[in-house]
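Both of the next two complexes hold chain A, though its partner changes from chain B to chain C.
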Partner chain A sequence: MDLHHIFTQFYAVYGSLINFIGINSLLAISLYVTLSAGQLSLGNAAFAGIGGYTAGILTMYLNVPYMVALCAATLMSGAVAVVLGFPVLRLRGVFLAIATLAFGEVVRILAINLQITGGAEGLTPIPNKTQAWMIFTALALVGYFMAVLRRSRIGWSFASIREDETAAKAMGINTTWYKTLAFTIGAMIAGLAGAMSAHLNYIITPGEFGFSAAVQLLIYNIVGGTRIWYGPVLGAALLTALPEILRGIGVSAGPVRMGVNGFILLMVILFLPNGLVSLFSRRKD
Partner chain B sequence: MNIFLQQLINGVFIGSVYGLFAIGYTLVFGVLDILNLAHAAVFTLGGLVALWLVQNAALSIWLAFPLATLLSGILGLVINAVAFAPLRHRPDTYFSGLISSIALAIIFESAALGIFGARTVRFPINTITVHIWQVAGVTITSLQIEIVLIAACLMAGLTWFLRHSRAGKAIRAVAENERTARLLGIHVDSIIAFTFFISSALGGAAGILFGLYFGALSPDMGRSIELKGLAVIVLGGMGSIPGAIIGGIAFGLSEVLTVAISGTSNLRDAVAFTVLFAILLLRPSGLFGRKQIRET
Partner chain C sequence: MALLEIQNITRMFGGVCALNGVNFSVEQGKIHGLIGPNGAGKTTLLNILSGMTPPTSGNILFSGKNIHMLPACRVASLGMARTFQNIRLFPAMTCIENVIAGQHLIASRPLLPRLLQLPSAWRQDHEYEEDAMATLSRVGLENRAQVRAQSLSYGERRRLEIARALASRPRLLLLDEPVAGMRHGEVSQVAELVRILAGEGMTVFLIEHNMSFVMALCSRITVLNFGQVITTGSPDTVSRHPHVIEAYLGVDKSS
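So, the complex of A and B:
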């Protein structure tokens, strides 16, 4: 068996898992951007929903080319984030989390009640246009962007707001602007991931972008670690693959899978507050 | 007009359960400034345990209710010991506490799934004798009265307890300032544990009443009330106990009235969350200010 053959066979078995890992990694990074500016948003799942519905509606009803639909979805999520961000980001900590959560619920309820989003049954059939290489190209580009951003003036401003918002303001950093920027970049990445996911799964339903999905993104970030952009990718990859890993060692019961998920999260937050990446990097920043 | 009145009454009944649930949320927030997201899982487990006691141990609901409430309180002690106490002195304690309580919520929910199964279950028909009364064209059941009375007693009891008892005053002192409370000789750690006990006991009691009222219990029933509870405590003002009660009833009313006016249950939560959103933007301290646990 040559290498190519092994690869094709592996992909035939695990292809959809690999695609989900890619999408979930993008979603996890979208929250990472917001967290890197110290803002806890639980609205990123809703931004993914906005992106998914925007792209799906465009390709289904208007026959828009896939790449154009992706761009439109990204811009749409970004635009909503700008409008939402300025009022909402005045809130701090838990209050911001609750406000973004409420926003997510409103988006979900809208999606259930609107005609154009297909109601509670969801929007289908969305043409299947997303391929693995597209997801991972997007992931690589976003990762590169994160690495550049981190070392830029913007990245340092995010970090200073995360460490101490009042001090950052006193240093002359326009905190409102940078917080909205982080929120918007995060929303755009989420919108892109949502659009790709919709064109991968043929369907998008309101339930996919609720509270549990938002919390799941937070879990990816905490488990992987939020100090560097590949932390959330690690968390997303591990937890997305976890059901398969557990199946491999003979555990397939739903409750056990869920329990292991919770247990990993608990162990990480108690003993590895900087996530799994802190196991590999000795640098403490 | 009668239908409208009927809806108002139904809203008050379900709202009192929301209020009871939200008090537990807001009590912990008032004392520690942290959100305990495992509260909804305790709500679920409280209801399921009471059902188990009635069904499998053949206990009367009047015995199963206090037992399941007590067990919920003990779960609160577990939450504090596992999810909050170890993180209390971290600089980002409110954030990490939020995460660890999410982890416990997942573990509790998976336990509920594993033990009780994924099906929707209900209390046996003869669990509680229900009388139905017609008053001025409005239907009221004895179950509804009992639920409201139990909820009202628990709320009144808690208010009295916080205002007059020694332990209640200690809780308020810790809410006001942990350091000063410690200097005054209050055993802060046990007071915090005790607060979790009360909070979770109330959450579990709310779960039992919810299960009795709707007749249906499932391992994921905590999810929707979790968000409603958040909406209620923001509406009433984080940490305010009267606010949680009034917010709960207001939320119950908004639900039934939205359904009655729009004629569809799809919009049930829309009004509530829009209001929540508006309140956060216009008056983040809620309708009844912050930190009223100190004064209650």
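So, the complex of A and C:
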């Protein structure tokens, strides 16, 4: 009884933060998938947007059941990734990053100018259907998928491409296929997260998945570490909770918070080049 | 029978002719050497064979099948594996992980049984891990299985790269300077391994500057100079060829 009371109290205060951590963790994993195949994509925020709009439009205008809308959003983001992936993944390193960023801009401009997406004001009111347990069930399933994927043929191919793409080709790995697969799986996870987020916040606006959102996902990965799938989750949880933690210890001014954010990123890059997960690693590097 | 036929291969880089009408064939089950001074075009030829570089003109037949238009991953899937002159390992992976990654073509490791936690998946993992261990022992790295590739010595890296190439059980193994920078003991270890592999029926095509290694190991040798084949023949005939003595052996007095 008492414990239940404490829990409800806690959730009343921190519920939105907890949900936010879950959504950001999913988004961070979505980028992790592409990074695990050695591809730096800055398009995952846009894939989240595609998922959010797809699901929102379906539930608002067509009264589609929530679960069906989530699946449709996931598939839509995946389909766009397949079409985009084949031409774009020929590019390497920073050129791929720039191309995916440009894709994000195209999606944002489309969202601003189209009728059906609600223009610059955004799409609202999207029915509030997402609950905490759904977010964390999705996170658990995605985490399990990532943990299993690692030791499958796909996971080994991703890791080989990330380590040395030329050697991977010589070993018989069809790098074009596996890079597109990584890009697509990442986009699907982002699409799912975007759809859940849209049905949590009542609204989705074009500004939510611009440049800064894309870079934020990268920061989650760098801070958490990209050696294993829960690294990005750690990064997302820490950096999402940080403003609340800082408020708790009395720091509330915006610029100070931004500074602390940047400070953490810098410390991790300097002292933990493999991210926070290396704190828990058994193997010395 | 010829496993590999190289027919009239020419490769231009801008105005530079790296290979000019190269013709020879590699016999099934034999150890075939390719020698020649630096810049002769040896690595370029290996890149063309393995599908990493397209030839400007000419044909490559691999067990009768024309492969010069195929991408590298397709060529590899036909049973050709290679190493690189400037070693290309997976540095952050351990030795055994490098070999397991190299099993790509023979190990299916399907996702579904893993998602369902079926015992068959773990049994399969275990079998492939034992196979990788056996491959590591062939190159003498069984004690280094859990060491990251980036922490290995130079000679160990070369040997690990050979192990990774062997992991897919290729019919044809291409080695680009496999004993460059190795200590004497390691050189004879690699020579012994290549001999055993050929004894098991594998065809080995290798580029090497170490003349005693090449002369002792290869049954046929092709000499390349300025992108052209000077001669192909047995070690004896090749070492007595006047152009070879002039162009190559004269410089490098049998190290």
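Methods note: the second predicted complex is superposed on the first by the 282 of 285 C-alpha atoms of A that agree within 3 Å, B and C clash if a C-alpha of one lies under 4 Å from a C-alpha of the other, contacts with A are read in each partner's own complex, and residues count from 1 in each chain.
The definition used in the following text is that a residue touches a chain if its C-beta (ideal position, glycine included) is under 8 Å from a C-beta of that chain, and two chains touch if they have at least 3 such contacts.
Just so it is clear, the structure is predicted and the values come from calculations on it, not from any experiment.
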Evaluate whether chain B and chain C can sit on chain A together after superposition, giving fit or clash.
-> fit
So, A:145: does it touch chain B (first), chain C (second), both, or neither?
-> second
Partner contacting more residues of chain A (chain B vs chain C) | B
Answer with first, second, both or neither: which of chain B and chain C does A:131 touch in the superposed model?
-> neither
Regarding the shared-chain residue A:113, is it in contact with chain B (first), chain C (second), both, or neither?
-> first
Angle, in degrees and to the nearest 10, that opens at chain A between the C-alpha centres of chain B and chain C = 80
First, second, both or neither for A:102, with chain B first and chain C second | first
A:262 contacts which: chain B (first), chain C (second), both, neither?
-> first
First, second, both or neither for A:88, with chain B first and chain C second = first
Please indicate which partner A:159 is in contact with in the superposed arrangement: first for chain B, second for chain C, both, or neither.
-> second
If you've got the overlay open, could you tell me the nearest Cα approach between chain B and chain C in whole angstrom?
-> 10
As the complex stands, chain C meets chain A at residues 50, 52, 71-73, 76-77, 81-82, 84, 88-93, 100-102, 104-105, 107-111, 114-115, 125, 148, 164-165, 168
Once bound in the complex, which stretches of chain B touch chain A?
-> 34-35, 82-83, 86-87, 90, 92, 94-96, 98-100, 102-107, 109-111, 113-114, 118, 223, 226-227, 230-231, 234, 238, 266-267, 269-270, 273-274, 276-277, 280-281, 284
Chain C-touching residues of chain A, taken from the complex the two chains share = 144-145, 148-149, 151-154, 156-157, 159-160, 163-164, 166-167, 169-175, 285
In the complex, the residues of chain A that touch chain B are 40, 87-88, 91, 93-95, 97-99, 101-103, 105-106, 109-110, 112-113, 120, 211-212, 215, 218-219, 222, 253-259, 261-263, 265-266, 269-270, 273
